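Both complexes shown next keep subunit A, but they swap its partner, so subunit B is in the first and subunit C is in the second.
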Partner chain A sequence: MNNGYAGQILRIDLSERQITTFPTSRYADWVGGHALSAAIFFDLTRHVLHEMQDGYHPQNVLILMTSPLTGTLVPACAGRIEVTGIGVQSHPIGWFTRGNFGGRFATMLKHAGWDGIVIEGTAATPVWLDIRDQRVTLRECQELSLWGQDAWDSQLTIWDYVAGKQHYGRWIDPGGRVHGRTTQRPAVVTIGPSGENVCRTACLIHDASNASGQGGFGAIFGLKRLKAISVIGTGGVAVHDPRALLEARLWLKEKYSFRLSDLKSTDIELAVASPPVPGVLYGNWLAKGPGDSFGDRPTEGQRPQACVGCHAGCRARYESGLGNEAGCVETMLCPDADSLEVQRRATDLLNRYALNAWEMVFTLNYIRNLNKAGQLGPGCVIDSPLDFSDYGSLAFVERLLHMAGTKCLPDGTPDPFAEALSEGAYRAAARWGRLEGDLRSGELPYAHWGIPMHFDPRTELEWGYGTILGDRDINEHDFQNVWAKASFADWRGREPDVPAADAVRIVRSKMPPFDDDPRILDYGDHNMYTAHMAKLVAWHRYYTRFWKLTVQFCDWRWPDFINIYASDKTGCTGLAEPRFYNAVTGQNLSYSQSIELGRRIWNLDHAIWTLQGRHRDHVRFADYIYDVPAASANGYRELFPVFEDGQWRYQTRFGRRLDRDGVENFKTEFYRLQGWNEATGYPKRDTLEELEMPEVADELGRHGRLG
Partner chain B sequence: MARHRATGSQTASGAIRRREFLSRSGTVAIGGILSPFLVLDASGDLHAAYAASQGYLLVDTKKCQGCLSCMLACSLVHDGEANLSTARIQVLQDSFAKWPEDVSIEQCRQCATPACVEACPTGALTADPQRGHVRCIDPAKCIGCTLCLLKCPFVVKRLTVVQDERKLTGIRAAKCDLCADAPYHWSDVGGGPGGEQACVAICPVEAIQYTATMPKQSLQGYNVNLRDANWGKLGYPTD
Partner chain C sequence: MTELTEPDLALAARLLADVPHHQRLVAHRKRQRWGSIPAYLYSFGEVVRLLQDKQPALSWPALEHWLRHALRDVELADRVAEIMAQVSCEQGKTMQIRVLLERRLSQCRALAPS
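Let's look at the complex of A and B:
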């Protein structure tokens, strides 16, 4: 095929040790990534979805899926892969959920000739999957003593095994096809001890620090006794119009990317124009003051490091090798560490254990606060074997992560406190009888679905609403980044690059079909629960469902709403995404059509959640979101556009909380906009048929869940 | 296509550079200006010599961000598909290694005495005078014997193979031609010496540079410091 697809999908039945394939074209309507995965997932599980309340269900299916743009030259897109299945992290049930990760794995999979991998069943003994082009083999872990190795060692072991008597640093023949040769190492995604021990906090790790954290898919790997997937490909991805793709890439470089000869910023941004600097957050950002940088960056020799095809890497590799490729939340564990070196080593340990970084950051913060309050520690109400006397040292971090990743004390003894840590703070709090009270006070800042709060739903409205209407912390910075630019300027005592009115005008112009709503970006108190806000949340769901989750554009670079290199500050979103997509696929997709496709994908996801039991009543925040005003911990003011007295202004929204009835009003507005039943949240047949999903409507109807 | 553009002190035939090279290597030309021509080396042996290429690629392995965009662009512009294995420039990296040893970039050096050209039994590989004496492969003449790969003196062979079902061997050799023969070239200027090279144009951090001046014939001649003060502003070492 000449359209970006490899054309085949692998189907692995671990129970039967059976490897089959099916053509990607069977799901051509669903493009790739998340959409394609959701469609496959629905087909494979539709008859049991109503009883799938947790990722530990034996018929859970885990899917890794690329997009047609994977492995090509599309910037901040070509190197990512979607992971989909029922998760084990969310509460009250494990929703159908997703993650993704970057690096080299996605590209290697495509270049090996596969668009994705569907994993079913459970192996009788631990295995790993060895993909070398078209040669695919399930291998016993025992042969390499792989089970029991941490997430870094297991990759190195597999690298050596695949090379055999050959040596990296020269061309090797992986043995997958005639004349196949490469200089590249296999791309391996693996679990560490936490996954083997089926911890809900377990993630997948690829290379040093590419992680799929949310959902606890590491635990699913472990439960299925799948240690790792290794892939090395020596083929390529044919694209429809190579010239057009090259032209598009150079157009982006010339018009919208950073320019070394004309650096307009040296700070990392979550934007196309960001320079290639590591997004590390070492140090204690809560202790920072106005004007400070949020993260302490190592000063030793280093290079930027990027996923395949990315135009501006967001990580680094260092002269010491400490914290290689780590960024963002992976660098936030133990902010009170004794030194930067301890924090960097903690980051590496986190990746070796393959633990969900964001969850561990919050878990540590929670138990540390309880310890300070005299509630947790040896001999306390919560009698913890974790000694805090050397808190901040590497030894402390090692003990903590060992417990969380193995459910055992350092001497190997199974321990209930360690097991509680392995479940994450939300479930640990429940075990300790503190859940309800700490959610009410906000001591346990888990705003939704038993998952740590990221950006505050009381201020960053679209983030919170998007999360409770979905399945996980959305972790989609699209709008957040725009407002953060103004907030950072404020933090540094500068005027924002773009005044609020201009920012709203530019962003709104890129939001079809709602670009005619003048109040869609109003974060004022008067607009928190309105139909305008419903449109903002809906558009966000649609854009990200298609471009980020399905096509795999990276959240740290896209969309490009406002661009400091563009003459009028107007970014390339709306132009760039379809341009790249069409160059590779040969289609003629318009931007408006892509948003409509996002609506279709969003509705399929919602139907799956509904089959799992989702009802309007589930969709709510933790009590503290309604009862405790949002506050800044360090004087940093998050600014948002607010329309008051006939003008747009940036204003902080700290000090406000959500109103329970107001949120219910918002839900009604949102369901009405979606064409869902306003009382139950169930999809209506008309809506699903309009979206060409009659079989989904039929399945919902069989279970009495049509609205 | 800008195949005949003279740059710097160089003539279209590459004569000045050839004299510079011959002077450096202590050989005496007894042949004409055709490529190759015969020379006597210092030990008195007679062998072929070649007009110097009119273009070269320089890289900075300490600056590279490992995105492999150069490789994808290379295969795309030459073969119409994104393919790391057919890229004429190779970036090797180890996620767990320490900077700067975590990355190496292996590009064709357009050798003064190209072993690949000398090894080619069909005349497919030449220092092509139509393309600024860049060491080029005529795909029609290549039989996929891979002798050129075997004879390339570098550890990471600077040539690769492309699947070609028209060949009895099922493959043909491919190497860096500075995009002189790039069917999917994006620009009217085209590639080759004096033109635009895909890897140079695409590299986001400017870690690959084109030069018309023959580099010093050593690793240090081709792996150079391209990290200027602007790079330093981003917090990266420039020395």
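Let's look at the complex of A and C:
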């Protein structure tokens, strides 16, 4: 295999301390990233999948996998890597799940000559993996005192060990003189204290703030006693047609990207059109700066920072060094903090402990409410040593994160409350006997699989359905980006850039094979449980399974449905993705074929979940989604396209709740569309054979889980 | 905008104190991409801070009701109601209510600086 591939995959058996390799071509049909990982995972675990209810299972396999586009300068794609395995976060079953992260790691891995890493077994003592081109070594943590270091210090230690303490930018020979030379530092992905302590809320951190958060893979690293993986490579990636790749980049820039002379938006623009603006979401720090205009980002000296190959630069490095490379949820742990500086330091602490930011945001909200209700505190029903009297201060944040990340009090004493925090709010609520009641009331807003709600399933339908039919909060903003533009215009009292009817027409035109369904994007109450909605959810699963999870196009930039710089506002999705893919791989993949490949990957994932025990009855929301109306809100209102009285309009859907029977109807429609058994949700043999997965059907048949 | 009447000490104290759990105001912090994070507001100051956020989301009628009945600041509630009726743009409404509430908070802090 050439054209985007390094050609080989590392297989690390930590129990036996064995390092072997196998050719990527063995899984050529599965392209890369998530699909390739799922296929390997299935092969390695098929005999035990039926008993793998949790990521702590000793035969759990963790896989880090690049895509053929990694390291090739395909914009907002080339710098990401997929992480796959059984997770420890979801409930009641730790599903086969995934995360990914950006930065330099994926590119370095390819430059070292590896498409991916498969990690099995458990080391007897803590180790780290040292990859220098083709020289791969498992090293004891003890020699560098790595175990016990936070996620930043451990990277600095490894940098010094691999590259020496010489001035950054000097040439180094990472693999010895027989290999190449580089001026780069190794790319390291590591765990912090939370991973070492096997907290379900632990994530992986690379560089300052690239995190693989969902799934709790930091805990899996910790359980396997794998502290870090360091990689430094001096090679490159073969591209089938470099000219075509560069032409595609220039075409994208000319037709679809921002122009400094004609900036149409200085807010965080969500498609490929954006200028580099750090995507930080710090809270209301303007409380400390009267007279300032609205804004949420530091104004000190800074420069954009991007993943390898990306044109967007959605993060920044700052003069002060606070909050470097941070963006999105990790920047909003403490919107009530005393100052912006506290918020930025809290962000850095989250990264040092390597804790899942989204989970911590919701956990903090939950325990604060319990404290205010007199239920949680010293001597309360939930006896907690956490002192809320200085809530909003850095000292408070430090105590909170220390407890959640170490299961101990600041003095090092193991503590049951801290241990509960380390499990995340959902499991903590169960320990405290509050789970059922708080899910019913919505006091614990964990809508699905024991995971915090992101966008509300009662309004953002495709998000909620996609999540309960999958394994985790989908965190795929594809349609949300489009509707957010209209919402933002509404907030400002302006007409949307693209009226609802035009937006629906443009987006639908990019949704093969369902582009002939006129109602597929109707979020109205009358369309919540229909076959049209099933198609929307299905298409979303297919597109993202292939282009985002497998080829690794970045969720922050793709797809490009609506583009304010394009002549007719029609974005480049459908044209751009195959163009880049084919330039690198030399294949002739059409957009429609890519969506069909996404269907195949989705079906493999679903088969794995079914082998783990997934049944139709598992697929449901928490009670509050059915029983409590979505919060009524003014201010910033989320709008969705609705077809009523013969025309499309943007409307808010606040106040809506889901109907239990309606959701059951939706599931039936969805299973029918997928070719799955409507009563059980199990895949049918015919469907799997049509998708060229007879061995998957055989495995399901062996366990009585064929539909 | 006409000036707010100076609050008396009792009102200022109420506005500067936390409300009990059952009287908290539930709002949301929103961003494109971020999603909808519930914001549980236990004091007038926290409401002001939420409104200083980039894209706050809360129910204006709920805010008015909370000001009128939980904090018993009738004048402020009436002024919020006026803005609700007069301003159509949500951003404009948010900014005007924010300025109004900031002013009230300053008055209270001046009366009871501790």
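The working rule: the second predicted complex is superposed on the first by the 683 of 707 C-alpha atoms of A that agree within 3 Å, B and C clash if a C-alpha of one lies under 4 Å from a C-alpha of the other, contacts with A are read in each partner's own complex, and residues count from 1 in each chain.
Keep this in mind: contacts are C-beta pairs under 8 Å (C-beta built on N, C-alpha and C of every residue); 3 or more make two chains touch, one makes a residue touch a chain.
In this text, all values refer to a predicted model and were calculated from it rather than measured experimentally.
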Inset, instruction - Based on the superposed arrangement around subunit A, label subunit B with subunit C as either clash or fit. - result: fit
Legend entry - subunit A residues touched - subunit C or subunit B, whichever exceeds: B
Legend entry - First (subunit B), second (subunit C), both or neither touched by A:454: second
Inset, instruction - Applying the touch criterion given at the start, work out whether A:307 contacts subunit B, subunit C, both or neither, answering first, second, both or neither. - result: first
Inset, instruction - Have a look at where A:423 lands relative to subunit B and subunit C in the superposition and call it first, second, both or neither. - result: neither
Inset, instruction - State whether A:631 touches subunit B only (first), subunit C only (second), both chains, or neither. - result: second
Inset, instruction - Applying the touch criterion given at the start, work out whether A:369 contacts subunit B, subunit C, both or neither, answering first, second, both or neither. - result: second
Inset, instruction - Answer with first, second, both or neither: which of subunit B and subunit C does A:484 touch in the superposed model? - result: second
Inset, instruction - Name the contact category of A:560: first (subunit B only), second (subunit C only), both, or neither. - result: neither
Inset, instruction - Aligned on chain A, what is the least Cα gap between subunit B and subunit C? Give it in whole Å. - result: 16
Inset, instruction - Overlap the subunit B and subunit C contact sets on subunit A and report the shared residues. - result: none
Inset, instruction - Within their complex, state which residues of subunit A touch subunit C. - result: 267-268, 270, 279, 281, 283-284, 286-287, 290, 294-296, 328-329, 332, 335-336, 361-362, 365, 368-369, 372-374, 445, 453-456, 477, 480-481, 484, 487-488, 490-493, 556, 631-638
Legend entry - Residues of subunit A that touch subunit B when the two form their complex: 71-73, 75, 78-79, 103-104, 107, 111, 152, 156, 168-171, 178-185, 207-208, 233-239, 242-243, 245-247, 249-250, 253, 257, 260-261, 263, 266, 275-277, 297, 299, 301-313, 317-321, 324-325
Legend entry - Residues of subunit C touching subunit A in the complex: 18, 20-21, 24, 26-40, 42, 46, 48-60, 62, 88-94, 102
Legend entry - Residues of subunit B that touch subunit A when the two form their complex: 62-69, 72-73, 75-77, 79-86, 90, 92, 94-100, 102-104, 106, 155-157, 160-161, 163, 170-171, 184-186, 198, 201-202, 204-206, 228, 230-231, 233-237
